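Multiple structures are listed underneath, in structure tokens.
Both complexes below contain subunit A, partnered by subunit B and then by subunit C.
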Partner chain A sequence: MRKYWQVFKIALADRFVYRTDFFIGTFLRFTPIVTTIALWGAVYRSADREQIGDLRYGEMVSYYLIVMVSRAFGSMPGLASTLAGDIREGNLRKFIIQPLNYVIYHLHLRMAHKLVYFVMAAIPYALVFWWCREFLPGWPPRELWPICIASLMLSFVLGFLVNMAIGLLSFWFLEVTSFLFMFMVSQYFLSGHQFPLTLLPEWLERVVKFLPFAYETFYPVMLLLGKMDINEGLHVIGGQCAWIAVLAVVVTIGWRRGLRRYAAFGG
Partner chain B sequence: MGTALGRYARIFGCFARNGLVRELGFRVNFVFTVISEILWLGMMLVFVKVIFGYTKNVEGWSGDEYLFLLGTHFLISSLFETFFFGNLQRVSHLIRTGDLDFVLLKPVSTQFLLSLERMDYAALANAPLGLFLCGYAFVQTGASLTAANVVMYALLVCSGVITLYSLMFMFSATSVWLIRQTSASHFWFYLTSCSKYPAEIYKPMVRGVLWFVLTFIFPVLIVANLPASVMVRSFEPFLVVYAVVSAALLLMLSSLVFNWALRWYRSASS
Partner chain C sequence: MSVIEINNLRKTYRVHIKQEGLLASLKGFVRRKYRTVRAVDGISAKIEEGEIVGFLGPNGAGKTTTLKMLSGLIFPTSGEATVLGYVPWQRDNAYRRQFALVMGQKNQLWWDLPAADSFRLLKEIYNIPDAQYHHTLEELTTLLGITELMSQPVRELSLGERMKLELVAALLHSPKVLFLDEPTIGLDVVSQSNIRACLREYNRDKNITILLTSHYMQDIEALCKRVVVINHGRLIFDGKLNEIVERFSEHKIIKFRFREGDMPDDLTPFGEVLELAGPAVTLRVERSQVAELTGHVLANHAIDDIAIEEIPIEEVIGEVFNASEPEP
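After this line comes the complex of A and B, so read on.
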């Protein structure tokens, strides 16, 4: 366990090096919120409706704000492509000969990245949420808090496993970057990042809500938005755990099979 | 003057050929990129369909007019990405690693070399997609087609691409001070995500200040909106002139800013 603690500490230090880039990046990340507020404001005005897809205007804007929180847990930028790169260029050798599990190593890297992210992004997030306070519906009820926090944590694990599973494809296909882009595009829509899944036609909504992507973003967000009761919340947690179990098996088997095929390219 | 221009044209021809050779080496990659772009467009269309399922128009733009705007946005992004995007992304990398030295040493304009060296043919596939969407939407709106409209549209599309290029080039130049700049590509994504919707939606925000800034100072809002307006909505002479003039001015400014930023460049190698 101590070696992973070292990994965690090194990753922590590495993240603090480029602070300016980080702050600019965090603020830039919120710029689409401006578009969201403007666009949905125009849509609600033009449609002359109280609710669209079960959401009022304020809830709609809050939905996108909370998506940012949920993505802060669940998104793993560059994870799949890092794994793909390590496989393609033969860098995996360096890990195989060490008494270190590559997947667990990366899990610790990501935990460190997330921790630094939460510490450094707290101020920009708080500012943006304060600025948008008139849209927000308020804190979820006290009894839902444990479920909300658990669902965010599980969304982190789920995001990690989904990206790992995609990255593992590199063992079988040498060039996957173009595929990764397709994956990202689909994930953006299917996870409810582009718009709440409740807006979809009913038959499509039913299919999409079953996929792991919905459990990464859409469900935790609806939970935090106060659109679910305890019972529904527990169902979300159950769904997340089920998908995590499935993906954990996929990643474990995929990793073993993949290593057997691995050719360690390069000098 | 004439020979200098000819020399640059020849060099550009060379870049275009190299790009094609590179692209032909990764044919499967090309196919996948095209498929994912179609996927992206398809998902955007679902989004548009969802929104216009709830309302007949958004700030005066009908569904078909908006589709024309979206098509124009695709066309402009495609041209920008084909010629400039990959190159501009590389600028901050070159600065960080000190490899900018090799670009500076070459006997041609540094800005020219940095901006155009690599062409991305896969991104070019979006241009016909965007045009196709425009064509479909145009027929649906029933607007009339005139030579003047088409010429103006082409002119505005070009100045839109130049505007985007100049803004992003200036942004890339800031890596001289910031060194690491992974934000550059995000920045581009956000810029386009704000400009692909009708500009009017920003008018109620901060008493119109935001709309004013994004239209006149960082003119990203007129990039796709204006050409689309000219074709399917109304012709606003003042804005059209402003778009063309500001594109030219921004291009000049980008060159000034870059050369000024270079004074702070310290090579990274030993």
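After this line comes the complex of A and C, so read on.
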């Protein structure tokens, strides 16, 4: 659709407006990476152990670095709160009046944002990876590459849909800030962003690994770390597709119902 | 068939009553009280192709709610409406391509980018063919005198300039029906008159149907032959603008300038004295008395000048609003 291609282009242009803010923002995102690596170092030293769970320090660092790569695809900062704001402040109006689909529109905005981010973050990422090169396990086997790339792409779509689905709640509850914060924190844990899901108690691990959040981050990271074979990789892709299908239905129905409610109560 | 047909349209909202004070807030947190507000309470009207209709009423009268229903943003509680043969709240794409809504207090242009970028996006959204797009854009920007503003980021523009660009954005896809909610709010006199001139010319050229709300009577007087007045969600007048004055104003203003020394000592029997400046006097006189009074004055006094005027339209409208307030 040409209109969404235009959305993509205009969003790219919009991203480059505030150059200083952009550079600082991109740069700042690397500070937590460095501090987290240092933090894990301190944890290993004070625990005086070679391994935590089944991971050595180097593995923990490499896990964390690859999480960053995966999150670069799957994270959607501010998406749910944007939707909440648009509902509360009546900015949805434009999308009801014009033949333009809000969800697809935002999907294209996010693609543009991601593209700009990858371009801008490529060099600092390369530096951090070079600095930590001794911990990294090396490239995954050649035959896993297509699966790795596919899982990152799907992680983007999955992250988008999860956040959209959460944002839809604001159709029913006017004020969702505290809820969104809670969601953000739990997503941080449940996706494996904070630490590998393998560190969880076994029963919890089994539950969490089934949730869509794990498919956003944890599984793609395991693939990229070379901890899965092709067969397992295909399972991950299948799981991602299944969750995407479920969430696409949820978002479509939720959106329709939400709009109906919006039209009945506010506008 | 009329372009816009509204039949007994109603919209009620349930609003949460919140009393003052912390204790009341806590109570409200546990158990909410609601009140039903009738925003639009049974309005009917027909608007023909090419008409510009002014939609008047005090704040909270239900104007914006009606416009929202007609643009499909909200569902009515009951009643019917069609615009161009479509039921607005069914949100047909075919309908959405044929109307536009401009709200003076909201904007749709990308804030940090030049308007040209937003226009290009609208071109794709509405599938406007190249030739038509360039033609319309040129026509509108010339009409509003804003050709040179196209390549400046919108945030750097003044409110008036932005509003003109918003109007261009709304008209790019050549809608057949245009809803304007206070399009000149907060603008200076020159910008207001620019926008009015543009709307008038555009209406004449394209025969576009326009329904507009405004608190500026100049907007209404300059653009609308017909006005619809509502208050508390009910229709109180639908007809020609000058008929409002005839129907709702029981007085006229008469200005006499008496010849030196020939001014009556007591003017009060003639009517209410509004202004007295030397030999010039301004009176408010009941409509039925106007002919008799002027005859009497002309017969008995030497007059240099005389003028009979209608009460200013703002005042009449004010009276109409007041008269339609429910009894306490």
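Operating definition for what follows: the second predicted complex is superposed on the first by the 252 of 267 C-alpha atoms of A that agree within 3 Å, B and C clash if a C-alpha of one lies under 4 Å from a C-alpha of the other, contacts with A are read in each partner's own complex, and residues count from 1 in each chain.
By definition in this document, contacts are C-beta pairs under 8 Å (C-beta built on N, C-alpha and C of every residue); 3 or more make two chains touch, one makes a residue touch a chain.
Everything quoted here is computed from the prediction, not taken from an experiment.
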- Message: For A:N101 in the superposed arrangement: first (subunit B), second (subunit C), both or neither?
- Response: neither
- Query: Taking the superposition as given, does A:R93 touch the first partner, subunit B, the second, subunit C, both, or neither?
  - Reply: second
- Item | Partner chain(s) touched by A:F179 [first = subunit B, second = subunit C, both, neither] | first
- Message: One more residue to check, A:K3. First (subunit B), second (subunit C), both or neither?
- Response: second
- Message: Touch test for A:L28: subunit B only (first), subunit C only (second), both, or neither?
- Response: first
- Can A:T252 be said to touch subunit B (first), subunit C (second), both, or neither? neither
- Per-residue contact with subunit A, leading partner among subunit C and subunit B: B
- Task: Go through the superposed model and pick first if A:A13 touches only subunit B, second if only subunit C, both, or neither.
- Result: second
- Overlap of the subunit B and subunit C interfaces on subunit A comprises residues 18
- In their shared complex, at which residues does subunit A touch subunit C? 2-3, 5-7, 10, 13-14, 17-18, 90-91, 93-94, 96-100, 260, 262-267
- Within the complex, subunit B is touched by subunit A residues 18, 20-21, 24-25, 28-29, 31-32, 34-35, 37-39, 41-43, 46-49, 52, 175, 177-179, 181-182, 185-186, 188-189, 194-195, 199-200
- Going by the contact rule at the top, pick out the subunit B residues touching subunit A in the complex. 26, 28-29, 32-33, 35-36, 39-40, 43, 46-47, 50-51, 54-59, 178-183, 186-187, 190, 193-194, 197-198, 200-202, 204-205, 210
- Item | subunit A partner contacts - residues on subunit C that touch it in the complex | 13-14, 68, 71-75, 89, 91, 93, 96-97, 99-101, 103, 106, 108, 110, 112-113, 117-118, 120-127, 153
